[in-house]
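Got some structures for you, see below.
Here chain A shows up in two complexes: once beside chain B, once beside chain C.
Take a look at the complex of A and B:
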């Protein structure tokens, strides 16, 4: 339960205007730091909901796939350049960001992850690696400024951020594919 | 379950017995002894050059024309920052790997020897141009100052040698894990794994930098991107600092509790400290660039958080250490709020030296926090303060721990014993070194606050009143430096005495056990691949911001300069 409290504290800190302004002032920290931290806050808070409403999760997220789908829709939505622009110009979209990423992405991810088979777990990492490669390509080689609020150089930086994150995911996939953990971790 | 536990205890007991009777194999001992020999010769030479500098800065010694201040400074830095620290770290951890993993694999030993000679070859290549005054570029060697290309080629070989040793360590650890499934890597080897991971990944950026510099130094390309080179250098430079630090704390966590007859603090906490340091370290390089152009204020501000985050495991370490001390001393009958302090083995150099090293990290760490804070950094940037800071961290916290280690590691390797005389010499050496370093680093900090610049040969700036005001402190610095030279001579004497002349006998490799009934450490701590991926992701996130800007909106590059 304590981690749910930590999650709430993290969420409140991220919403504080000076913190939000700082993180949103740089394009890549907006998308690759603030947003994942919001998901992390929800991931921690999820414990509270899981204890409080176990039937709800049992009924709606029995095999983990509905939660996973919700997570993908929400995080996919927030990779679209225009959504970032809107959070900076419309307070309602900003509020939706602070609600949706923790509660509609972080919470379902926490509930779904242990229920998923390794096929789905690896599948989602592969999905995001491909998505990030695509987004990286878009942000780096787009001839135009995609967001009104950020300069072209920030956009290119974010593109490289996407590409390098995708490379890290590929390295992780390679590591878990080639290394047989049972050789090291199961006691003989 | 019980039989497994029983078997483990039996195997452990057998191993301990075997280690006690046989000790380290002669081949493994020769390897570590060679590394330590080079380390302490580097200490002797580097210490002597340090004395020359100290006396010069105090205006007491004019260097001959054929050996200028900047040459001495470059060699001093290279000998102590690169050679002493790297050779000691590798020698110590390879002895640790050999002891805790049941000997080095023959293939690994060969790799470590190849690494040894590559580093020696590279070092000779780097020293020649320094002696010829063709490479007085300081150990940080960033452009636009350009040395002779031979200097950089030497550095390439040093890096390749380090990679050889890193991969050797990985192979040995992986092979042990395969043979011992389900078991945690022994704690000292866990530290070694962390250190070699950082040595490898930390030296990648500097390797890229050197490959950028070489064609530029040869004149094949006309200009170089100075900001990219600096950024790559500090990604390595700061990691190197923490490699020494992690080597030192490995002895605090694992060795010191055994020496004071106590137990290790929580195994899980220890492993988390190692993992946290490995993941967060490399990006710490940015706090060395806090007044550099081209990085926006908000990015620098966020990196202050990143740097302070690295301080967090250090606070965990401080807590753990004093908890071990208090618990052990109270068991021995220590009483009172601080009265238990009297029960510590103050007369044992193997404890006294690392203890003072730890205590020195309190002001050293505080000074580090000052420097990584934006506004405060602007007061002390590039002044003698910074030199004082890293003489406290490296010269005291790290090197005194290394000295403390040498009093059991060298006799363990040479199958000799630490005699009471050498122990006494060690105690005196520790006191001399402490006095010298306290004086010198205090003087450096203070002179820095008054504006005395670092990396500047003696000058009074045409007898400017401000510059003359630094003189008393610089004089104090020279006294400290002289004491340190005496300390160096005593230490080198002690090391070679223990290596070749002390009476034969058995010296134990002191590794403390966990408390009885300690909770088992979770298995996830062993997922090194995951920690490395997290580290890479963090590095990518941190470096993508300035690097893309430096490359895409690159200013005109710089031609090479020879400023000396």
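Take a look at the complex of A and C:
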């Protein structure tokens, strides 16, 4: 239960206006720090819901796929350039961000992950690696400025952030393919 | 409830939620960037050009009602801009050049508005206009000295201007067409000169047809 409390504290800190403003003032920290941290907060808070409502997750997310789907939809939604712009100009969109990323992405991810087979786990990482390569390409080489509230140079920085994240995922996939993790676990 | 295949059902519900979410978030799969959404919204709202005081390249001062009864073709710029603005103005000349001559000055006015009034005084604007073959009459360049009035206009027309730390501005660019009653009726892609020229010509032709 302690980690659920940590998650809640993290969420509250992220919502504090000075913290939110700081992270949102730079495009790459907005997308690659604030948003993942919100998901992490939900990931920690998930423990609370799992203990409180075990049947709900057991019944409706038995194989983990609905939760995974929800996670993909929410994170995909927040990669649309417009949604990021509108969090800065519309309070309702900002509120939806602070709700959806922890509770509709972080919580279902936590519940789904252990239930998924390695086929799905690797599939999802491959999916995000491809998506992020595409986003990186879009943000770096797009002839247009996609967000009105950020400078073009920030857009390019974010693009490189996407590309490096995608590269890291590919490295992980290669690593997990060639290295036998079970060896570590038996010796420890 | 006697349900089976619950996970399939919940997956379906999640998927449905996703479709609705994306539908709402992109105005029915129309606008994936705020800029598209902005232009769509402007076309719907048709905002009125506020009655601001302009100071043009000949240091003449007048309000926007100076152009009442004419269409006004507008761009927003600042002269210290080294990137988009020269292209924007070149393209504006492209439209100016393609319109039938009889309409210029009589039915349509060209106007470039600076959002950097501190640096863009009438002399600066006058030397800038010459680079783009603007005659300073049928195509004027002007600044709005009152900051509140300027911001009101930028806000109504959805022009986002962000100063960076090097004395430059990041801003969105487009061709704006205001009708003789002072309402914004069209926002056009500034990179498509032909298209914009055709669009404006057809509007002016219609107008001329009505008068006959």
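Everything below uses one rule, namely that the second predicted complex is superposed on the first by the 181 of 188 C-alpha atoms of A that agree within 3 Å, B and C clash if a C-alpha of one lies under 4 Å from a C-alpha of the other, contacts with A are read in each partner's own complex, and residues count from 1 in each chain.
By our rule, contacts are C-beta pairs under 8 Å (C-beta built on N, C-alpha and C of every residue); 3 or more make two chains touch, one makes a residue touch a chain.
Small disclaimer: the values here were computed from a predicted structure and weren't measured.
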{"item": "Touching partner for A:86 - first (chain B), second (chain C), both, neither", "value": "second"}
{"item": "First, second, both or neither for A:161, with chain B first and chain C second", "value": "first"}
{"item": "Which superposed partner A:183 touches (first chain B, second chain C, both, neither)", "value": "first"}
{"item": "Which of chain B and chain C A:53 touches, first, second, both or neither", "value": "neither"}
{"item": "Which superposed partner A:99 touches (first chain B, second chain C, both, neither)", "value": "neither"}
{"item": "Which of chain B and chain C A:28 touches, first, second, both or neither", "value": "first"}
{"item": "Touching residues (chain side chain C, partner chain A) in the complex", "value": "6-7, 10-11, 13-15, 17-18, 21-22, 25-26, 31-38, 160, 162, 164, 170, 172"}
{"item": "Residues of chain A touching chain C in the complex", "value": "59-63, 65-66, 69-70, 73, 77, 80-83, 85-86, 89, 144-152"}
{"item": "Chain B-facing residues of chain A, complex", "value": "22, 25-26, 28-29, 32-33, 153, 156-157, 160-161, 164-165, 167-168, 171-172, 175-176, 179, 182-188"}
{"item": "Chain A partner contacts - residues on chain B that touch it in the complex", "value": "4, 177-178, 181-183, 296, 298-299, 301-302, 523, 526, 529-530, 533, 536-537, 540-541, 544-545, 548-549, 552-553"}
